[in-house]
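Just below sit the structures, each encoded as structure tokens.
Both complexes below contain subunit A, partnered by subunit B and then by subunit C.
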Partner chain A sequence: MSAFLVNRLLQSIVLLVIVSIIGFTVLNLMPGGPLAQFGLDPGMTQKDVERLAAQLGLNRPLWMQYLDWAWRLLQGDWGHSFRDGSSVLTVIGRHLLATLLLMGTSTAFAIGVGAWIGIRGATHRYSLFDYCATVGAMVALSVPTFWFGLIGIYIFTLKLGWVPAGNMYTIGDGSVLDYLHHLILPSLVLSLVHVAIWSRYMRTATLDALSQDFVKTARAKGVSERRILLKHVIGNALLPMITLAGMQLPSVLTGALVTETVFTWPGMGRLFLDSLGYSDYPVVMGLLIFSAILVLLGNLIADIVIATVDPRIRLA
Partner chain B sequence: MSQPPMEEWHVERQIVDLSKKRGKAKNRRRGSQQDGRTKLKREDVPMASGEPAAAPADVALSVRELTVSLPEGMERAHAVENISFDLKRGQILCIIGESGSGKSVTANAIMGLLPKVIRVTSGAIHLNGTNIVGLAPEKLRSLRGRVVSMIFQDPLSALNPLMTVGAQIEEVMAAHDVGTPASRRSRAIDLLIEVGLPDPQLMYHQYPFRLSGGQRQRVMIAMALALEPAILIADEPTTALDVTTQAQILQLIRDIQRRKGMSVMFITHDFGVVAEIADHVVVMEKGHCVEQGSAAQVLKSPNHLYTRRLIAAVPHLTGKDRVPSEAGERASILKVECLAKTYRSGSALFRTQRIVPAVNGVSFDLTSGRTLGVVGESGSGKSSLGRLLIKLMECDGGSILFEGRDIAGLSEAEFRPLRPNIQMIFQDPFASLNPRSTVGQILTVGPVAHGMPYDKACERARELLSHVGLDAGAFERYPHEFSGGQRQRVGIARALMFKPKLLIADEAVSALDVSIQAQILKLLDQIQRETGVSMIFITHDLRVASQICDEIAVMHRGQIVERGPPSQIFLDPKSTYTRELVAAIPGEQPQSMPEHAEYGGQHKGGETL
Partner chain C sequence: MTAIVAHAAPARWWHSRAVIRFMRHHLALLGIAMITLLVLACAIGPYALPYDSLHIDLRARFAPPLTGNHYLGTDPLGRDLAVRLLMAGRVSLAVGFSAMLLSTLIGTLIGVTAGYRGGWVGAALMRTVDGFLSYPSIFLVLALAATLRPSPAMITVIIAVTSWMETARIVEAEVRSLREREFVQAARMVGLRRAHIMFREILPNAMGPIIVAASLAVARAILLEAYISFLGYGIQPPLPSWGNMLNGAQQYLASAPWLAIIPGAAITMAVTSFNFIGDGLRDALDVRNDHI
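Coming up: the complex of A and B.
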């Protein structure tokens, strides 16, 4: 196991370096850049802009900028936002909790409900429930999230007035209930797609487990159907789901671009979009590295969990 | 779970069953449940058919005029039709038939384990005197594992990979509320001892993947014995095992059956196994019971044509050497020297490396126009050898002289022009043909890639199809339209497209029924005599090897332990391993099955645990 971990760690470092080089290069090759906005400002002369570039180190060759950035990163310095000068980690920290709240809720909901629908769809295959779940999943997967968001706002905010249209809390309130009130609509909209994905995967995995010979063995032993489902089917069906959960982990922390924008949710997704709009490269690069680490971590955790629960891997 | 999927299926029955408590019935329904008609019949004891209602006391299981229907659109309306047989107490009843004969359906009907779309439409199954057809699912469940239990063909997939062996054995007892956790545990360990597993304390905590095939099957048997059922149903329990392991498991089942006075219903397609253990035999063909009687009677003087055909098709150790095809030039086509291949897994850096010498210093030579059989058990390296010879895998050492030229060291590009000369016939005729290509495409794609004009390739393909016994229309059709035997014929035609000098057949008939097996072997023999192609025939089945090979090499742990003509291998084996292997063949001594129809007799080897 430790050999496996060392191996994975080495691979991850190589991957991170490659991802950061590509990210840095592409970002800087884009037309515009952080100083472009000042070109239209009549109060700024060409000299001022050059002075600013020198101050921010933007006049150096690209490879030097990258090495400088990477060296600082290694020392724990993620750089400072061009927008307000606060450190990138602080900026990320400000938005992380909001995203965690939204994504955590919707992902947990999606996994729970999706798994339940999937298992029930498999045990009641071709039933009315199964058909509805299948059609529902297809609709949820094929209609874009922002449409659901807008329709949700139209119905539940404008027509019914049940929930607020956006933001994370009411200024001046900020109680737990107020947070929850704001959370309902965006997290439901967000989980629609995930419920669809999870229910489809879970249905397939459950059908696969149900068709295994050991289920027949259990029936031949006289084990009750309920126990067969709990003890033999679900455990084996969940194994492939662990990998899927590992792939979901990064998105729990990096947020959802569209949903956060539709609901003006102050999370990571919106931070990324805003930073890109302002050409706030240090923050964009920070987010890029952050999500790359999360992707690697998510896969690693999934592998470790699988190795722990599956004796064939644990003991082999 | 109590799954009533296909609620549509049940609607009709629910209407008929209105008298029943709806709520309970709805939730607990299973496929084997009766329809209104059979239910009526059952209440109306004795049975309307005039059969004796309950079987005599010495009969443990009695099947009466059982008909199981298949859903519409299948190739036939009934999986089994109107079959009757008795399993006497303390006896072993063998049900024998080829694939599709309905033998497994019968077993599943007795267990109440039929899939929901397949239903018992009429007839009765008396278990210890109670008719179980139409019994409520909950009652059936309480019989399973307690009164009647079952073991399956593939002991790896039949065990839950995530549960320890001990937990799976205890589950039988827990399912029927027998004993306390502590007593179940000690019973489980006793059972592990009883089925002859080494170190039962350790075995109790093992996961199935750690055990060998034979050990897994022993665990299955331990599980089936947990509650001392009156009846054990064994569905091809040794088909997936090596021949020496098969001999041990058959011995174990026989021993336990005698010790406990259990009744065993043993399903098999192998007359060798029947000769080895059966007291009574039922022969099934396409859902009908065509013949039944005592083992001696059915084996020695079969009445029905089908039984005779089946027995005739069983490959026997001939013990006679093959008459070589008319002499041509007898040049050596293939000479292999000290061939070696070692599998490495894990990482040398972290000292987790595992080294398995799959092929370890193998040498042989093959004269053109002859057939060399390579036999061995799983893991002996015989398939690795085949892959090395066709260069699907690089060897680590040694030489392969093909027509005098060493091909072992050739790069893929250098070897490519030689590929047409060495062709392979694969084991699984279902997996080895691309389901999305027509047979014509499958046959022509290779030669065309090697530069044969398309027209010429098509012409040759049609020629070969008729040569291997398929009609010309096969050219336009897709693999799924053919039976297993026909697909293997396509596979053979494909290999012959190149006019190869050497054919490597890797378990080419292992997936086929015996009668089909015999036809394919005959075809291969005929092709060799006509084209003078040399063949390497890799198989685990010594009986098959004895049919077709001029010379046989026995492989064990990556090495050839003995090489010689069939007469030597089977009648006068030089190595201990070969002797064990030959002795373990079920129901078999050279040239003689009928004489040895009585339970194998003296020739059992490798039965030590």
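Coming up: the complex of A and C.
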């Protein structure tokens, strides 16, 4: 196990370096570099911009800037927001919980519903249910998340008046129930695509498990189909889903950004868009790197969990 | 397409097993029908409609669908929604299609190189792929689109450089499995140049997965363009795109819901078509089912 852990950690570190190089390149690819916005500011002369560049060390060779930037990143110095001067990590921290709450709720829902659809589709293969689920999943994957959100608001807020149209809580209320009430629609909207993905993968994994020898053995012993499904199949089919949960993180984050915009949810996605609007480049950059680190961490955790549960992986 | 068909070498191309299997795939045919309809409507429709996509008529603001000659109603400036929808379709479909071509090109080049060279080069390229995949695509696209002046061509390039990784992965795996086959060894022995072996000998045999990935890449690119245009960083008005038509729709949701419903339905229809076609191609070309 420890050899596996060390190996996996090393891989993550290498990937982290590559991720940081990509992020740094993106930032420097922009014409005019990180200070491009100030070049357009009529209140600043070319001299001012140059002075600022020298002050921030932007006139040094690129590799030196990168090492300096990466070193400060490691020490937790992610720069300061142009907007209010507070440190980038503090700003991100203020919005992290809202995003995690939204992502967590919708992922839990997507896993539950998606797994149910997938297992049922596999056990009733080629039935009407299976066919509808397959086509439905492909359509669901094609619906733009923000449009689904708008339709949801139109039906459930404007027509039926069941749920609020946005925000995380009512000002002056803020009870747990109030939070949940605000959480329902955005998390359902965010989960649509992932219900589709989970159901497809779960169907394949269940079919795979159903064709294994131990299922034949169990059938030969006379174990009931229900017991085979519950005791032998579902557990084995769920294993690869742990890896999938890690792999899905970038797409959940992308969905969260769009969902947060439609529902004015105060998370990282909204922060990212607001910061883009203000040209608050340290926060934009910080969020870019932070989202990638979140993904790397998620994948690492998924791999460790699956290695713990399934000895075949770490011994392979 | 010709490469595959030639590879199967039937008497006539429509006798090939892949084509027959594709024609039996009902969803794929539905997808082809829907996308043909959309493309034809976008190409011809604007000439048949009585309005110009930029014609502003403030007396006819917020007309609901089927008002007079405004078959799909009008927007907050009184512009005809039907003609704008079709003009936007031209932009969105063109961006989606060109982004697919470019990303497939990048992904194939990197995938073939990484798969054939292997070793350090291959490892470095594939770890770069992993690195790009660690970023939620929309964060990367928005960061680039917000700083580079967004024109349709620039948006296409931005979408392509952030979505070539899937293709690269698929091609790399395919090429790696073909690298040691006899025909490649024979080509090496004959003394053919490496580039020739990579692109003329191996690549045609990896076309199946590439075509499937490309059809799904169009779907992805259309969605991505819609996302960033909806958020205001993609195609800029007055040039309409399906995404930016939805940009202001949320504030009129209560009074003019058609402004949100109609363009979104067009996006869903286009993306669904390409996903259906991709599914059909995967079955027809017998490509492994590694992602949905």
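Everything that follows uses one rule, which is that the second predicted complex is superposed on the first by the 265 of 316 C-alpha atoms of A that agree within 3 Å, B and C clash if a C-alpha of one lies under 4 Å from a C-alpha of the other, contacts with A are read in each partner's own complex, and residues count from 1 in each chain.
Heads up, the rule we're going with is that a residue touches a chain if its C-beta (ideal position, glycine included) is under 8 Å from a C-beta of that chain, and two chains touch if they have at least 3 such contacts.
Because the structure is a prediction, the values reported are computed rather than measured.
Enquirer: Subunit B or subunit C: which reaches more residues on subunit A?
Expert: Between subunit B and subunit C, the winner on subunit A residue contacts is C.
Enquirer: Could you pull out which subunit B residues touch subunit A in their complex?
Expert: Where subunit B meets subunit A, its residues are 1-7, 111, 113, 141-146, 149-150, 152, 154, 157-163, 171-172, 175-176, 207, 209-210, 220, 223, 347, 349-350, 352.
Enquirer: Can you list the residues on subunit A that touch subunit C in the complex?
Expert: Residues 14-15, 18-19, 21-23, 26-27, 29-31, 36, 135, 137-139, 141-147, 150-151, 153-154, 158, 196-197, 200-201, 204, 249-251, 253-254, 257-258, 261-262, 272-273, 276, 279, 284-285, 287-288, 291-292, 295-296 of subunit A touch subunit C in their complex.
Enquirer: Mind listing the subunit C positions that touch subunit A in their complex?
Expert: Against subunit A, the touching part of subunit C is residues 27, 127-128, 130-140, 142-144, 146-148, 219, 223, 226-227, 230-231, 233, 243, 246, 249-250, 253-254, 257, 260-261, 264, 267-268, 271-272, 275-276, 279, 289, 292.
Enquirer: Which of the residues in subunit A come into contact with subunit B in the complex?
Expert: Listed in rising order, the residues are 3, 6-7, 123-128, 130, 212-214, 216-229, 231-233, 235-236, 309-312, 315-316.
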